[in-house]
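When the chains are written out, they are named A, B, C and D in that same order, and each has its own residue count from 1.
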Amino acid sequence: MSWEQTFGIWLAAAFTLGIVSFLYRDNIFYKVCEAIFVGSSAGYWFVTYFWDNLYRKFYLQAFDPVSPHIAPWVGFILGVLMLTRLFGAKIAWLSRWPLAFIIGATAGVYMMFYFVSNAMLQIGASIKPVFVGSFGDIVSNVLIAAGTFCGLVYFFFSKEHKGVFGGAARVGIWFLMVTFGASFGYTVMSRMSLMLGRLDFLFGDWLRLIS
Amino acid sequence: MRTREIIAFFALIALILLAKYVLPHPMQFSPTLSLIIIILLSLTFIIIGVLTLQGKFVERRIVFIYVGAALTLPFFMQIELEVPISPEVQSAYDQIESLNPGSKILAAFDYDPPSAPELQPMADAFMKYCFHKGIKVIIMGLWPQGPQQAGQSVEAAFEDDPALRDKIRYGVDYVNLGFQSGNEFVILRMGESFKAMFPADIYGTPYDSIPILRNVKNYSNIDYCMNFSAGKPGTQEWVQGAVDRFGLKLSAGNTAVQAPMIYPYLQAGQLDGLMGGMAGAAEFEKLTGYKDKATTFIKSQSFAHIVVIVFIIIGNMAFLRGKTERKVK
Amino acid sequence: MKDYHRPQLLFQIFILPLVVILSLTSALTAQEQPVIPADSIIHIPAPTSNVVAVDYVYDRGETVELTWNLSPDDTIGGRIDGYELTRIEQSTGKMDTLEVIPAGISYYKDDKLTHGHKYAYLIRSVYFGAKSSPVSSNIITPSIEIINWRLANLFAIAFILCGSVIYFIAHAKKGKKLFIRKIAGLEAIDEAIGRATEMGRPILFVPGINDMDDVQTIAGITLLSRVAKVVADYDIRINMPVSRSLVMTTARETIKEAYIGAGRPDAYNDDMVRYITDEQFGYVAAVDGIMVRDKPATCFYLGAFFAESLILAETGNSIGAIQIAGTAQPAQLPFFVAACDYTLIGEELFAASAYLSNEPKQLGSLKGQDVGKFVAMIAIVIGVLIATLAELTGSSSLENLSEFMNRLFTIVS
Amino acid sequence: MRREIPIAITFIVGTVFIIAYFIPHYPFNQFENWFNDWFAIVAAFAIWLGALNLLKISAIKIFLKKTDQLHAALIIISFLVMIFYGFYNGFSGIMANPPYSYRDPAPGINFSWLYDYVYSSLSATMFALLAFFVASASYRAFRARNFEATLLLVAGFLVMLGRVPVGDLITQWLPRDYQLSQLANWIMNILNTAGQRAIMIGIALGLVSTSLRIILGLERAYLGGD
């Protein structure tokens, strides 16, 4: 193993322990690690966006030796306007132009994406015959259709939740609760896995207590 | 700092040095010792339970110690646990298993090192399986760090079976196209042409001169797609942009946080199979027969889940008791 | 029909000789190539079959899609390089060699045509310069279709949804009342404030950690206006640590307005809202500290939350505060539901905000979304019923109807 | 000018993306491609803005306010180190033959080394801390205070146990189809799917109406105050 790898592993171990020390209480080691995290993360994204977006999408196109494009310059100018925010309120309003562009583009793209895949196709997928297969299958089919329906009822705000409608909304909230329970379980699993990854690093790569 | 804390600090350093230079490497507990440790820890739970029922909630840090122990100790325990297989992982495996040798599979690595504990075991098992079965793998990433993680998986496969080093050739049996920025727009444009988005592979070799890519123009020339995803862009975008618009066939490995939100796609047939989190990874390792990290980790995972559940139960017992007492009054 | 035959004749008279000449030239160039496997000189790959040209359906008449069956030689390791495509413009007889498509591919999209003209294509299999006899496609006239009509169902449903959002916003702007059901969360908020009044302890309000460009933060601030009104009326202490400077400004305005409304502007104090830090965990640690010191009777968490939801709810619980939460962050909702006394789930947060603010755009879009949900509910109920009945009875008319329902909510790619 | 132009930009850009969905050919596909590239460029500047703002705030802390000086200085130093290696490796990569990327692993200390050992170990641990908080919150805060919360916790238990080997170990005495792992599968594939789908449809509709308001210029919160 090369010296920089050994050094890196010790450094990473120190950082890991430093952050974990927050569990005991807020302390100087944690503060130091946190500051380095904030700074290095800003630096990391700064560099990544420079090479992957500015260099690839702007420089390589605008300064193409064969056929330079003009279009990327518009994006570049919009981007520069974004930075006006740094220089006081007098010209900061110019930063609204690129912001408007970003928000308009996101709104336009996501509107169709979500509408198709998450609304239309999901409604389409719910439209299925329920009385097919074994008894268990039938129960499952009915539960999926009914659960989706009742869940939608719960989020329907134009009618008071009374009578049958109120009952459906109540069933709807039960389905939502089970859903949240499932998410809860999975989130716990995910968080534990992250910590396992760090422990694997500490006991495996660093201390070599496990193979 | 108080004196006590300073002592604790030096004790910690001593412990680290002890672990690094004195303890056996690797360290292992025999099954009997493991059982004794488990029983002892369970007994201490009773103490906590009694204290809590008396209304004395133990300190946060004690809870932290339990979690730490539950996650750490199983690393050293020589115990075996049988992993149950869920249908969605089985179906992901079946899809890959049904591919003929020589088929081409697109592997999209959309995650970064922080999510690697969950996704890397899946990716490793996937890569080993494909290489042994002779399935050709085209690697790409929508996250900047994805292709690097893929490189680690390839390396893990070679280390696991050194014979693969001679058998599997870069450019013929697998290729790493690298990262392309643009999120869902990359997926959309690949529907027309892969080459437009990846003019060269990660080493700068032009697209057209790579043998494995010779017959690959867009999704229609790909037999299957596997996505490892830790967020956005990820499985949701692949479904929206490639499955729903271009009819790509897709299975996915997800971090456990986002897996539950992906299930509706599974039921609607937009997705064939899904591996969720560490559990999904352990199941996939078992199915492919390449047991590795996830199979070890799932032991710790089990204990950690039990610790959380027991703590919820203890807390709620105290809560319910308080409630009934208030009612009696 | 007449139109169809004439070009065929043209093809035989003019183009075939051209094809022969072209094949000869390419055969000559092939001989100049340096490396030729021994077998390729004699191996002429088998031709393709079934070449079909189809007009691309949504374009300005410049695109045609071409498909063909692969040559029998086109197998893994088969002796074929690809397919050479030639386009023939029928009126002038002009021939353009387009490109050699790699083996294994049986699709090409030609988007350099002029609409109204007639075209045909020739495909030859190629292997190291050796070419098979050409196979001709049908003759095709690309036509203009401005709009992708395959998406008409999508367009119609999106139109209904967007139309109702716009309609209801306009409706609300005219000052007409739109009905929104009572939202239980609002009562819970009132009760929680009441408890703080009784106990004489402060209220803590956390508007999430996102900036004012997040709808959730805006909804949180709208709910703050309700809380602030009661706070100003009963002179309860409110404490609001925030993590964005813009949120701080807005929140101060909101609380100040409430105090002016209650006729006690001098009781308002800028210290009620304090900016802590943008940094997530730093902010949480500070809020935790405030909670433990101040021991608020009621804590509100209304806005966009991430990992900090857990830590806040735990500390709030340990000081025995009543906790009301509301967020649309799906991953955090489970924790809030489990740990707080009342939780506004997802859209309920927006609905409560619309209900309180009475703002036309909020109310209108809520109503518009309700129309969308109504369509979804009806579609699911009717669709499932019809599909089930069709399956049980086997009636073909019901099956057709069910098929139609399904197609209404499917996208043809 | 200050309000009209942004609203016009939002309207045009948003509309083009929607039209391009239905009319996927020239000129709209051309606009779509341009806008995609511009989006990437503007996004880069937005990230720069955030980073430069952080620098500005930290510098103010050091020189004017004199609070948290060590903290602020560390932020600036680690930022600069990252930037230095990022640009140094990047430019030498472009000049080299064959070219390599700024993030390619190489021996010695470089951007990739910093990423592996500094940035990713810090960020991974930061999120791993939540494993501990989840446990302590579950002990001290998660209460079955009503039927709904009970349902949530029970579903959570079943999924947590069913997804790991221990679940089946506990329920070994039951027939195979009723063991915890099967129960967890059923919850995930049936109940969770139904609930998630309802939420998904709701969120999608909300997104459509918000997007529509933004494109039509009815929603101006993002423009901030005047």
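Here is the rule we use: contacts are C-beta pairs under 8 Å (C-beta built on N, C-alpha and C of every residue); 3 or more make two chains touch, one makes a residue touch a chain.
Everything quoted here is computed from the prediction, not taken from an experiment.
Engineer: Applying the document's contact definition, name the chain pair with more C-beta pairs in contact, B-C or A-C.
Structural biologist: Between B-C and A-C, the larger count of C-beta pairs in contact belongs to A-C.
Engineer: Distance from the CA centroid of chain B to that of chain C, rounded to the nearest Å?
Structural biologist: Centre separation, chain B to chain C: 27 Å.
Engineer: Suppose each chain is reduced to the average of its Cα coordinates; what separation in Å results between chain C and chain D?
Structural biologist: Between these chains, centre-to-centre, one finds 16 Å.
Engineer: What are the residues of chain B that contact at least two other chains?
Structural biologist: Within chain B, the residues that touch at least two other chains are 57, 64, 67, 71, 114, 144, 181, 244, 257, 260-261, 264, 267, 276-277, 279, 301, 304-305, 308.
Engineer: Send over the residues of chain D in touch with two or more other chains.
Structural biologist: Only 21, 40, 101, 103, 115-116, 123-124, 126-127, 130-132, 134, 136, 138, 140-143, 145, 148-149, 152-153, 156-157, 160, 163-164, 188-189, 192-193, 196-197, 199-203, 205, 208, 210, 212, 222, 224 qualify.
Engineer: Name the residues of chain A that each touch 2 or more other chains.
Structural biologist: Where chain A meets two or more other chains at a single residue, that happens at 22-23, 34, 38, 48, 52-53, 57, 103, 109, 114-116, 118-119, 121-126, 144-145, 148-149, 152, 155, 176-177, 179-184, 186-189, 192, 194-195, 197.
Engineer: Quick one: label the inter-chain contact graph as line, ring, star, complete or other.
Structural biologist: complete
Engineer: For chain D, which residues are in contact with chain C within the complex?
Structural biologist: 21-26, 126-127, 130, 133-134, 136-137, 140-143, 145, 148-149, 152-153, 156, 199, 201-203, 205-206, 208-210, 212-213, 216, 218-219, 221-222, 224-225
Engineer: Can you name the residues of chain D that touch chain B in the complex?
Structural biologist: Touch residues, chain D against chain B: 36, 40, 98-101, 103, 105, 112, 115-116, 120, 123-124, 127, 131-132, 134-136, 138-145, 153, 157, 160-169, 179, 181-182, 184-185, 188-189, 192-193, 196-197, 200.
Engineer: Given the complex with chain B, which residues does chain A contribute to the contact?
Structural biologist: 23-24, 48, 52-53, 56-57, 109, 113-114, 116-118, 121-122, 124-125, 144, 179, 182-183, 186-190, 192-197, 199-200, 203, 206-211
Engineer: Okay, in this complex, where on chain D does chain A touch?
Structural biologist: By the definition above, chain D touches chain A via 2, 5-7, 9-18, 21, 34-35, 37-56, 70-72, 74-83, 86-87, 90, 101-103, 107-109, 111, 113-119, 121-132, 134, 138, 148-149, 151-160, 163-164, 186-205, 207-208, 210-212, 214-215, 222-224.
Engineer: Of all residues in chain A, which touch chain D in the complex?
Structural biologist: 2, 4, 8-9, 11-12, 15-16, 19-20, 22-23, 31-55, 57-58, 61, 71-72, 74-76, 78-80, 82-83, 85-86, 93, 95-105, 107-112, 114-115, 118-119, 122-123, 125-126, 140, 143-152, 154-155, 172-189, 191-192, 194-195, 197-198, 201
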